[in-house]
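Below you'll find the structures, each written out as structure tokens.
Each of the two complexes below includes chain A, the first together with chain B, the second together with chain C.
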Partner chain A sequence: MRQEMLRRYISFGLLAALVLAFSLTSEFFFTSNNIYNLLRESSIVGILAIGITMTIITGGNDLSCGALLGLDAMVISRLLYVNEANVWIAITAALAVSLLGGLFNGFLVAILRIPDFIATLSSKFVFSGLTLMFAIRSATGMITTKTLSDPTIKWFGGKLDFGLYYVTIAFFALAILSQFLLKNTRLGVHTYAIGSNRNSAELSGISYIKTKFAAFVMSGFCAFVGSLFFLGKIRAADTESGIGMEFQAISAAVIGGCAFTGGRGDVVGTVIGVLFLKVLENGVLKFNLSTEMQKVLTGSVIVIMLVFDAAYNKYMQAKTSKSAVIAREKREKKVGAQ
Partner chain B sequence: MKKIIALMLIMLLAFSFAACGGSDNGGGSGSDGSQAEGIFRDPKKNPYSDELKIAWIPSDAPAANCVAWGAGIERELSYWSNVTFNTFDGERDAEKQSSIIQDLIVQEYDAIILQPYVSSTVAVAVEDAEAAGIPVICINIDADSPHSALVAMTDYEAGYAIGVEMAESVGGEGNFVVIQATPGATRGENLEEGFQAAIANYPGITILDEQTGEWNSEKANAVMTDFLTKYDSIDGVFCHNDQMAEGAATAVQTAGRLGEMSIWGANGEAKALEYIEQGLMTGTVYTDCYDQGATAARLAMMFIGGNLDTSQFTQTLQIKMPPIVVTSENVASITEDMRW
Partner chain C sequence: MMHNPENLVEMRGIDKRFAHVYALKSVDFEIRRGEVHSLLGENGAGKSTLIKVLTGVYPKDGGEIYFDGKPVEINSRDDAFNLGIACIFQELSLVPTLTVAQNIMLGKEKAKLGVLQKKSMNREVSELIKRFDFPLRAEDVVETLSVAQRQMVEILKALSTNASLIIMDEPTASLSSKESEMLFRIIGQLREKGVSILYISHRLEEVFQLSDRITVLRDGQLVGVVPKEEIVPADVIRMMIGKELSEATASRPLKVSDAHTVLQVRNLTRLGSFEDVSFEVKAGEVLVLAGLVGSGRTEVLRSVYGADPIDSGTVLFEGKPYRHSVSTAIRLGFGLIPEDRRTQGFAPLLSGTRNVAVTNYDKLSRLGVVNAKKEKQLGETMVKLVDLRPANPTVPVGNLSGGNQQKVVLGKWLTRDLKVILIDEPTVGIDVGAKDEIYNFIEQLAARGVAVLLVSSDVAEVLRVATRILVMRNGKVVHEFNDGVVTQENILLVSSGMAEDHRTEAKE
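Coming up: the complex of A and B.
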């Protein structure tokens, strides 16, 4: 636990250092408008990353959540624009699609025992295909996109009087609830147990199937929440909406301390990871750099962060093994003395 | 599992209450339009002496046409030492373009030149930029919300012209295939509409198949290879851009069926013009992208220094670049300095 906290402090310290560096170098960075904007940009990816954190802690992954977000957005757009449905019916339909999507992933992984990576990569294609099927078409049959004017959808893109966007409130609320779920409930314990050592967990009576289903349903739900705010912000869905966002979310979770091997990480770490990525992305835009340099700089900082993470893990593993050896020697000495 | 469901219900209820409670604020913003204060305002800056920042947001910075537009803008703005010009790559991501615009508003840019990836997905951000007093000039593809100006390649007209050329070349009777843009791309949609409108005048023409090549040469090559195995008689191929036409031409050449059909692209990039010279492609519609970029830059300077309040525009001003149909007969007239 102390190791986890130490890593948390270091991650937070690096985030703070990045914020400080950008604040000192750009007059536009540490302004209220930019901070609210930055938080808004972090929030949709952050919401997806919360769901992904759940699946990564179980030792899996979810490559389909970005496409599922796009599918949800397309379902809402189509129902509102083409079918002129009530907005709440459209939203409920998207929720149903999302939960079914999560259950579908759970079925592939937990029941059919297909590895998460392949299962969710395949379902990503299924969801993208469904997005194309639901897409709005022009008179000539070509796929087109339409801007939505529904006030409820607009509301999701809104903000409080002082500038904080609703999506940011939703992101932090979902993060707090998910962190609580992970750290203070039996489901959270099961999630970590399955990710740390599946066989031991199953021998202790923890259901792999239920835990995996729960993680994917949660990820599907996060995709749904993300889609509402995505539509609020963009007010239109295109056939590529959400696709690729899962990679940002996965990067954020990994930067925040999640391990692909499972059993490690939490939502607080992921929130720090998302903020780190978005602060970097936002800050780099302020430097008047060429497009190439913007990409090189962003990539380099992420690589440095990941190198640090790898070195830190190696160091901690070595330290843990050393402590184990010392403890064993002590125990053996004690037994010998007796 | 029960806890997850409970958690979701709490979140849903919270959103529902918040959405119902907040809809007055959100919906109310639309009524501001009725209080337009007139279309004139005092110019904020002198574009030829005050320090200015102008941004260029292409949909895909490395693409040949985006490079040419950027070069045209930069060339024009480089005459003015007071202007700082920056490029921000949209990375073929509609949401990314929208995020960049929001950031440029915070950075108080003086004008934005934008080539939207998708018209509708940048509409809100463009509206916000105009409301913040930043004129937005779109290149090629229009944003769905009214803004300062659009400098467009002709797309509907280009599609129409290509349709006519192709149909006439086979005497109004034949089988065509189409390799389309990425689904949902506005330019592809417009080109297709123009092409279909022209083909509708030739009842002897059959469109055998239409598949997306996703703006991509390799994908178009695979699609064309598939068409060639499926159909024995193809008289013409229309691709929504030159890159796809180049990929299709390579597939036709590999299959040894080059003389059987006409191959058309759109845009007029340098490689396509070379392919026309080499007899691999039949034609394209050329646009001078350097000039198009320079025109957008001049418009940006004009709006910065002008007294028009572009946020009050209910319609976007439009300039269309002339479409030049290029075949082996006139390809030499597109000189080296015009190629991109």
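Coming up: the complex of A and C.
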């Protein structure tokens, strides 16, 4: 069986087992209220994780998307509160900032050839710095957090009558779209090809630069979408908003089957990974288990997944080299028979 | 200049220099339409350089290339690709996580508004597969395929770009005989369709089975172009070795030493690398493992040293088994001079002293604290021992010449009380003067009673240093030369499988 399929079954099995265990042991877990809340909690990290998945499949990463989400939220807050701008102008400005952020990452990685990890770590600091510069300050110069009351922003925090939040709908819609993009479009195939074997992809006429830019711009776009729903829920941006979310998103992608070496993984896997992380978090809270426990469990699951990948690769290598021996024996026999 | 309209490719007077050394000197080479043309030569004869010039990997320093009768400049692999020159290098140029169809259509996918027309692509690739009757499906993911199947995908990929020349570099290296025969059948089909094949293989039997013509290179120069019907394998080997060899390296008398056995290897097997390898090395002997690249010699060396695991068999040091690990081997008095000194032999940013100290910290340190004075002395000792130039042990080893880098690697072990030294291709990329110095060190070590086990693909080198020779082929020891006089021709005939195999047991 292929590694992807096995990984899908394992991560899905883990998620199902966790849901089952919590449902059986807690009457609160499988209530509609809790499920909708759980999905709401998953959605913003999930939206970021979709963008990160794109960058990881190209063989890279994006450590800056959490900070970019925070910057977008701050841009909107400032424009609305300080400049009293129209809400759509504020949102458009945030979209522009996000896309520029993605282009900036693409420039660092694809043009200046800085490794993804270092490039996006640097841009993360740049984005956080900009967030501080845009922060709303009181007359004495102290940074203050202002709650927004704009109805459009409030709408982003809303839900359907039966309880499903808009953010969850946006998460799943974005997931379906990007899964289609990866599996059924030219850009998607190129994304896998660049991550899996860059040399061969370039020799087939695929542009490394374009593909990398596309992945980072998509990651930037995801940060923008995330920032809208983040503001809808929290109603305010502070200087730390979004920071650290990228690590949850990366964890989700890894649990879902993305390989840091590129070329492997997809959005469906990442969605399973996000749900797994959030179900674990939710269950731990419901059971009054310590958050330490939750962190240890998350870490352990990631390690198990990576051990599985390593073991699988070793197994495949052994299989290939054994078949080489068998092939050689057949050859020798044939030579002997002649 | 007159052009033969039969020629698809003509290379005229190709020069290629690396620093001051000519890798190719005024080489003429041509391939006709629809012929299978083999390129032969020993390692370092210039085969791969010529291919790299033809495929745009290396720029040429002189000469002209004509393709289809027109002069062309091939400055990149893209240029070669656009002309219709495709290269099949092992299975490296495929994307493992994509399907056969996606790989073949990579970069020229059928799409409407960016959305892939998967069905129509799969259908097209299926038809292509059917036309050649390959055991493949368009939907198969490449990483699940065998090496032979991956090669077929590469061939299809080349054909789908309308390649008129396909270069195959050692294509049968990891194929079974059945798979090889399928490849030969495919090559026949391609030839009938007018595709030219440039075939490179160490296996002379294949070359003679497949080729229309054979070009032989030696020392970067053209030796000759011959139609297959007009020659026999022994002629080709003579062309590869050359006739004007000096007496000293053309042949060598061998003998079995009567000293005590230091290293004994019994039925050693590592799946996929080598099988049932047995030999012994006596004090003061230089046992050479000869054979072709990829015959499993390096792997034997690394396993004896404890760097790679073994699946079965035993290794005895002075009659006793030892724990299979590098640290044990070093403690017992083993040393290894690895094949690729740049990646395995030394730390380029560190000084000569530090590099030599790495294998000597047992003597230089106490409770983990290094005695700086002793370390400095060791560096100075090494400089004298190997005659390092410049005679300064503080220079980062990466800044030294190839020969002096290799001397530092030697110095790592010469400064120890050595019992066994394992040496892998010691003079690749080293100039002639430094080569002789390195041979002298090897002889000095042997004279001191060290057991030397050496891997070399350079037949002249084998004859320069060996006291006994084992030939490996396809992971097995197929022949032993242990007495009488051996010539380069003997070794090459056995290595390439064109001579009867027999292994004469070493006399006790």
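Observations, loosely collected:
Methods note: the second predicted complex is superposed on the first by the 286 of 338 C-alpha atoms of A that agree within 3 Å, B and C clash if a C-alpha of one lies under 4 Å from a C-alpha of the other, contacts with A are read in each partner's own complex, and residues count from 1 in each chain.
Criterion: a contact is a pair of C-beta atoms (placed from the backbone, for glycine too) under 8 Å apart; a residue touches a chain by one contact, two chains touch by 3 or more.
Computed from a prediction, not measured in an experiment: that's the story for all the values here.
By the touch criterion defined above, A:T185 lies against chain B and chain C together after alignment on the C-alpha atoms of chain A.
After overlaying the two complexes on the shared chain, residue contacts for A:V109 are found with neither chain B nor chain C.
With both structures placed on the common chain, the touch criterion links A:N33 to chain B but leaves chain C unconnected.
Of the two partner chains placed by the overlay, only chain B lies in contact with A:N282; chain C stays clear of it.
After overlaying the two complexes on the shared chain, residue contacts for A:E41 are found with chain B alone; chain C is out of touch. Chain A is touched at more residues by one of its partners, and among chain B and chain C that partner is B.
In the superposed model, A:E240 lies in contact with chain B only, and not with chain C. By the touch criterion stated above, A:S204 is placed in contact with chain C alone, chain B being left untouched.
Of the two partner chains, neither chain B nor chain C is touched by A:I52. Residues 185, 187 of chain A touch chain B in one complex and chain C in the other.
Across the complex, chain A meets chain B through its residues 28, 31, 33-34, 37, 40-41, 88, 95, 132, 135, 138, 140, 142-147, 149, 151-152, 154-158, 166, 170, 173-174, 177-178, 181, 185, 187, 210, 213-214, 217-218, 221, 225, 228, 230, 233-236, 238-241, 244-245, 282, 285-286, 288, 290-291, 294-295. Listed in rising order, the residues of chain B touching chain A in the complex are 1, 3-4, 7-8, 10-12, 14-16, 18-19, 22-23, 25-27, 29-30, 61, 84, 86-89, 92-95, 98-100, 102-108, 118-121, 123-124, 144-145, 180, 182-184, 186, 188-189, 192-193, 196.
Chain A meets chain C in the complex at residues 2, 4, 184-189, 192-193, 196-197, 199-201, 203-206, 263-264, 316, 318, 320-328, 330-332, 334-335.
Residues 77-78, 81, 92-98, 102, 106-109, 111, 114-116, 118, 141, 143-144, 146-147, 174-180, 271-273, 275, 474-476 of chain C are the ones touching chain A in the complex.
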